[in-house]
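After this come two complexes, each holding chain A, first together with chain B and then together with chain C.
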Partner chain A sequence: MNHLSVQFTSVSKRYPHFTLDDIDLELPTGSIMGFVGANGAGKSTTIRILMGLVHQDRGTVEVLGRSMPADQATAKRDIGFVSEDMRLYGTATLGWHMEFIRSIYPGWEQRYADKLLHRFDLKPEQKIKGLSHGQRVKAALLLALARRPRLLVLDEPTTGLDPVARREVLAELMAVLIDEQRTIFFSSQNTLDVEQICDQITFIDRGRIIDSANKEIFLDRWRRVRLMLPPDAILPRLPGIVEVGGSSRLPVLTINQFDPAMVAACQDAGAAVQAVDAMTLEEIFIANVQSRRESTESVVA
Partner chain B sequence: MYLQIMEQVKQKVGVGDWPPGEEIPSIRAMAVALRVSVITVKRAYLELEREGVIVTQHGKGSIIAPDPGLAPRLYDRELEDHLEHAARIGNLLGLTEDDLADRLREVSARLNTDIPAKENA
Partner chain C sequence: MNTAIVCRLIYKDWYLSRAMIIASLLVGGATLAAMAAAKGAQLAIILGIIVMATVLIGVGAILTSTMVNERKQQTLPFVMTLPISYLEYTTSKLIGSLLLFLVVWIAMLLGMIAVILGTPWFPHGLIPFVILMSVEVLATTCLIAAVSVTTESQGWMIGAAQFGGLGLNAVGWSIVRLHGIGSSMTGRQISWTPTATIILAVELAAIAVMIGVTFYVQSRKRDFV
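On to the complex of A and B.
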């Protein structure tokens, strides 16, 4: 069995005002990837290509060992997809939708569906048009989860959910992963959700992947180092300094290739290291995007 | 986040919830229960193994290290960390060793009188 559930190799897609440029992406089976980017960064385009809904101009996409978009019909038997622009039938009930999905997908598990109904506090006799946003998201998720797909692809599943619903959804996603053969790919603007449940993190900005790594490596690489510099000392040259903030006497370095040996290097240069702080995923994302944008702008200028 | 998981496991060992030799949840089961990523729990278990708190047998899962001295040693290490921290702050404030010892005695005495008071209430 292939150990990668999703593999993008040099994938590009050009639109008049937006280009998805040379995307490489690998998602190991049994893990969750959080796909993080600002509005318009290219998250949805990437997901549509993954699902075969948009055809790439160049590059290859393999999903569950199937080539996309050519083998999408076969691949989709094992993919559960939930996105915001997916419409359920407003005048039909949730129960009707459940029957409908069950009639198509042999993997449907009624007991699991019933359990999810209870956990998500949904009723089969509810009509879709009477549901709140959060209930609709949970209903769509239920319809995807109860098929027991090998790959779940979720476009912003937690956006617009209240804290209780978010917690329920995240718990259900984690519960899927108890089975090592199942894989989840989800896009989000909420770095907190991603930081909590994801194993793999990919940042996308302006149509390019700017970083992709396993979360622990990711979080370990980034540090904020606060220094106190005596008047005659100069800032040591360190690899991976993304930003120098603070004042000239009290500089704050944001580093993306942190190594504990750097602390000694700073001290050797005459600087007193006041603190080495871990960063949240949100801080890392912002520092990452800002530094990339500034460096591309300086190249253009 | 992995540090919090390590702390939680150590606390369970410290208070005796998880005695030496006890089987602990698998990485995936723990991740699902805590709603945190598998990779974070994996990291926590690796570090706990390095510190000798747990033992992982390949294909069999993990157990608390079969060492009866483990719980007191964990507390001892925590005490050492706190004392070090206190000593460092004492230095910053320019306290002598005797001053620092007196302060510790005061705090200890206060706690000892507080606890019976609470029990009466």
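On to the complex of A and C.
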């Protein structure tokens, strides 16, 4: 079995006002990738290419060992997809949708579907048009999960959900992860959700992947170092400083390749290290995006 | 081609449109009954024909608009994430909507022929004209379906429906003036002439071309949602 569930190699897609540029992405089987980006960063375009719904202009895409978009019909037998902007048929009931999906997917598990109905507090006889946004997302998630897909692709599923519904959706996703062969590609603007459930993180901005790594590595290598610098001292040249904030006397370094030896280097330079703070994924994302944008703009200038 | 899934998608459209199809059949049946009971009264016959044409074109437009609606109502991503190719989706939409339309169309056509043959108020010579105009309605529905599927635009679809409606009037106006059709319309016998055969062949060829062009255009598309 291929150990990669998703593999993008040099994938590009050009639109009149947006370009997805040279995307390389690997998602190992059994892992959960958080795909984080701002609005318009290219998350949905990437997911549409992954699902075979949009043809890339260049590059190759393999999903579950199938070439996309050529083998999309076969690949989609093992993919469950839920998107924030995906709607079910308003005049039909949830029960009808379940029966419709069951008739297409032989792997549909009715017992699991019933369990999800109970857990999400949904009723099969409910018409979709009578459901709240949160219930619609849960219904779509139920339809995707009960077919037992090998790959679950979620495009901002928690957007617009109230905190309780969001927790329920995330809890179910975490329950799904018990199966180590199941892979999840989870796109979101919400770094808290991503931090909670993902083990791989990829940041995308303006159509380019700006960083991708294991979550623990991500969190370990980013630090904010608060210094007190005497008037005659000079900041040492350290690798991986993406931002220097604060004042000249109380600088705050944002570092993306933190190493404990850096603290000693600062102290050797005469600086007093006041604090070394871990960063949240949101802070890392913002710092990463800002530094990439600044470096791109300075190159252009 | 995964015909099992294509059939499931056609069944889905049937299920979602079933109320409208059944209502159309009831309205059409009631209109035919009223025409038969009108004892040849001209106003009743004209109104009946208008209602029949409206029902058929309306049903055709609604059925063929499902692709536009799926994009508008954001159900297209749900369907396209099923294990189907875009060609299979196109097949289910185009062939499915035409098949569903044919249910109403055949019922109406047979009903009209039954009323003409079964009551003393209508000349049997009308039957070739009724068949040709019914096939013209089918061709108009094909046009609306083709435009709906290829453009996925409500504006273009409405334009196609308006063009089709005008075309239907123009065709009706023209063929009653053809010697091989108009001269035998009031006759007591059914007279199927070579002119009628040529018109029917042209209509069927137009339907085949529209379906072929639709599949060709769809096969060249690269982005589906």
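The rule is simple: the second predicted complex is superposed on the first by the 301 of 301 C-alpha atoms of A that agree within 3 Å, B and C clash if a C-alpha of one lies under 4 Å from a C-alpha of the other, contacts with A are read in each partner's own complex, and residues count from 1 in each chain.
Assume contacts are C-beta pairs under 8 Å (C-beta built on N, C-alpha and C of every residue); 3 or more make two chains touch, one makes a residue touch a chain.
Worth saying up front: this structure is predicted, and the values here are computed from it rather than measured.
Trainee: Using the overlay on chain A, decide if chain B and chain C clash or can fit next to each other.
Mentor: Aligned on chain A, chain C fits beside chain B.
Trainee: When the two structures are overlaid on chain A, which partner does A:Ala175 contact: first (chain B), second (chain C), both, or neither?
Mentor: first
Trainee: Which of the two partners, first being chain B and second being chain C, lies in contact with A:Gln196: first, second, both, or neither?
Mentor: It touches chain B, and chain C stays clear.
Trainee: Contact-wise, after the overlay, does A:Ala73 reach chain B, chain C, both or neither (first, second, both, neither)?
Mentor: It touches chain C, and chain B stays clear.
Trainee: Does chain A have more residues touched by chain B or by chain C?
Mentor: C
Trainee: Mind working out whether A:Leu235 is in touch with chain B, chain C, both or neither, as first, second, both or neither?
Mentor: neither
Trainee: For A:Phe100, using the defined touch cut-off, is the partner it touches chain B, chain C, both, or neither? Pick first, second, both or neither.
Mentor: In the superposition, A:Phe100 contacts chain C only.
Trainee: Pick one for A:Ala265: touches chain B only (first), chain C only (second), both, or neither.
Mentor: neither
Trainee: Looking at the overlay, what does A:Lys215 touch: chain B (first), chain C (second), both, or neither?
Mentor: first
Trainee: Going by the contact rule set out at the top, does A:Met86 touch chain B (first), chain C (second), both, or neither?
Mentor: second
Trainee: Taking the superposition as given, does A:Met51 touch the first partner, chain B, the second, chain C, both, or neither?
Mentor: After superposing on A, A:Met51 lies in contact with chain C but is clear of chain B.
Trainee: How far apart, in Å, are the nearest Cα atoms of chain B and chain C after the overlay?
Mentor: Least C-alpha distance: 27 Å.
Trainee: Per the contact definition, I'd like the list of chain A residues that touch chain C in the complex.
Mentor: The touching residues are 48, 51, 53-55, 72-77, 79, 81, 83, 85-92, 96, 100, 103-105, 140.
Trainee: Can you check the complex and tell me which residues of chain B touch chain A?
Mentor: Listed in rising order, the residues are 1-2, 28-29, 31-32, 35-40, 43.
Trainee: For chain A, which residues count as touching chain B in their complex?
Mentor: On the chain A side, the touching residues are 30-32, 167, 170-171, 174-175, 177-178, 180, 195-200, 214-216.
Trainee: In the complex formed with chain A, which residues of chain C make contact?
Mentor: The touching residues are 2, 5, 8, 12, 15-16, 73-75, 77-78, 80-85, 88, 222-225.
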